[in-house]
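I am attaching a structure below and will ask some questions about it afterwards.
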Amino acid sequence: MDCRIIKSPGENTMAILNRRKSSKEKLDKPDAIGLVQGKLIEMICATDVAEKAVGVTIEDIRGSCPQNMILLAIFGDTASVVAAIEEIKRREKNNEW
Amino acid sequence: MDCRIIKSPGENTMAILNRRKSSKEKLDKPDAIGLVQGKLIEMICATDVAEKAVGVTIEDIRGSCPQNMILLAIFGDTASVVAAIEEIKRREKNNEW
Amino acid sequence: MDCRIIKSPGENTMAILNRRKSSKEKLDKPDAIGLVQGKLIEMICATDVAEKAVGVTIEDIRGSCPQNMILLAIFGDTASVVAAIEEIKRREKNNEW
Amino acid sequence: MDCRIIKSPGENTMAILNRRKSSKEKLDKPDAIGLVQGKLIEMICATDVAEKAVGVTIEDIRGSCPQNMILLAIFGDTASVVAAIEEIKRREKNNEW
Amino acid sequence: MDCRIIKSPGENTMAILNRRKSSKEKLDKPDAIGLVQGKLIEMICATDVAEKAVGVTIEDIRGSCPQNMILLAIFGDTASVVAAIEEIKRREKNNEW
Amino acid sequence: MDCRIIKSPGENTMAILNRRKSSKEKLDKPDAIGLVQGKLIEMICATDVAEKAVGVTIEDIRGSCPQNMILLAIFGDTASVVAAIEEIKRREKNNEW
């Protein structure tokens, strides 16, 4: 799994995510975005970890034809996003799925 | 094949699975979800093993364009899901297909 | 090529195959199913071998987006399915295409 | 590139090819079928070699989602199909494109 | 990530980019185009870097079925495009995401 | 990148290219066709090189699902096509993009 954090995302970045997310509501610009990319089975486990964290919203993002890949986007204030990403990394490292 | 178990799945996790499953009925939140990812031929054999186990429901989950991949989701009480996943792993290890 | 045999297939297994096969008629549950997965060129040769065997019916199964892959499913009584799969393996081993 | 020849193709084999070819006319059963699988750029060169051979008809066959892959099917009497496949192999071996 | 710069792009080049970009407005020919290709997660981070640079416009370009790949096109005067590409390369090199 | 030249292309070869090109006009049979296959970012740079050459017409050709791949077809008299392909190869070799 590949994890990254964008602080104060710009408008084009939000536009690309809005164009490719599964849910319909337009997202407001958050303080930070956490991104997680991996195999479908990993993304579903990461989603479950992230949504048990506090203060974040989760979206799955499609590429144009992302095979068994989805990108998970975690929106929220910077501290919450960092905490959610850290927990996902910790679970992966310890193979705690 | 890659196998994982999610206990007490959250709402976003259920939403992602509901959005991508082949059958139409909305799934109720189960105690646990077993996930199995592999080649199409492996998934069909794993489906057959899982459905001969007791106390579980089976769904095949599509990625956006999962090539020859499908993800198998096994729903049920925790003990039944663990038993089904263990049987799939045992069959794969012993090449008993 | 990857070959497997499922004896007395369950209902979910039949449902997954019925959902993904190219022809329209719903298949009755056979005694056994032979599965063969490989490149498109290999599958077409395997189809030709299988249909010259006796007592089996053949279907090509799509994944959601199986690239150049199709899965060949061979339905029939157990002895006929085993014989067809053995002949496919023998031809592949001896490179008799 | 991967090349194979099927002699006296069966009905299922013809049905799979008929379902996946680009042109619309239904093909009659030929004496033999030559199959060539490779990258799109190779297939276009192989098409040009095959159509300058005598006594064969050419079709490009799609997989369900064959990426940059197409399968070339060469129909005709056995000697003509063998000659066309041999010429494609010779050109590839000598890198005469 | 793979980065390239085209100076004084020709009409066919603009036509290919116009045919494959996500937004609808036809682009005017810029002085230069910066191109960045990589994984979806990298492209989203690169978009965020590029749009915080000055004097450039950003488009995401689809291949026909680019899996988890998109191509980022950065339009503007030559100096601005070069500066945006340099900043993306610097961030990648220092792993400053 | 993979580059090839077809001299005096046959009708089937033209038909495959006509079926898969992005623009709508039917192409007349040229003296020669240059083919270039590579990653989307490479193809866009190659397009720009080719269209600054003289005496050639350019088309991008889709595979059935060519991921981030397109095939570039360069039509014209033999000398012009050879010159355009040589310039593309020279630029790639010297990394002059």
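Letters A, B, C, D, E and F mark the chains in the order given here, with residues in each chain numbered from 1 onward.
Definition applied: a contact is a pair of C-beta atoms (placed from the backbone, for glycine too) under 8 Å apart; a residue touches a chain by one contact, two chains touch by 3 or more.
This structure is a prediction, so every number in the text was calculated from the model and none was measured.
Engineer: What shortest step count links chain D and chain F in the network of chain contacts?
Structural biologist: 1
Engineer: Enumerate, in label order, the chains that touch chain D and chain E alike.
Structural biologist: Looking at chain E and chain D together, the chains touching each of them are F.
Engineer: Could you work out the angle of the rotation that brings the CA atoms of chain B onto the matching CA atoms of chain C, rounded to the nearest 5 degrees?
Structural biologist: It works out to 60 degrees.
Engineer: When chain A touches chain E, do the two copies use mostly the same residue numbers, with over half shared, or different ones?
Structural biologist: Result for this pair: different.
Engineer: Which chain is most remote from chain A in terms of Cα centres?
Structural biologist: Farthest from chain A by mean C-alpha position: D.
Engineer: How many angstrom lie between the centres of chain B and chain E, each centre taken as the mean Cα position?
Structural biologist: Each chain's C-alpha centroid was found; their separation is 40 Å.
Engineer: Would you kindly tell me how far, in whole Å, the mean C-alpha position of chain F lies from that of chain E?
Structural biologist: Those two chain centres are 23 Å apart.
Engineer: Would you mind pulling out the distance in Å between where the CA atoms of chain B average out and where those of chain F do?
Structural biologist: Averaging C-alpha atoms per chain gives centres 46 Å apart.
Engineer: Would you pick out the residues of chain D that each touch at least 2 other chains?
Structural biologist: 63, 65-67, 69
Engineer: Looking at which chains touch, is this a line, ring, star, complete or other?
Structural biologist: ring
Engineer: Please report the chains around the ring in sequence, anchored at chain D, with chain F in second place.
Structural biologist: Order round the ring from chain D, first step to chain F: D, F, E, A, B, C.
Engineer: Would you pull the chain E residues touching chain F in the complex into a rising list?
Structural biologist: Answer in residue numbers: 2, 4-6, 9-13, 16-17, 19, 35-37, 61, 63-67, 69, 71.
Engineer: Under the definition above, what is the set of chain E residues touching chain A in their complex?
Structural biologist: 22, 39-41, 43-45, 47-48, 50-52, 58, 60, 62-63, 65-70, 97
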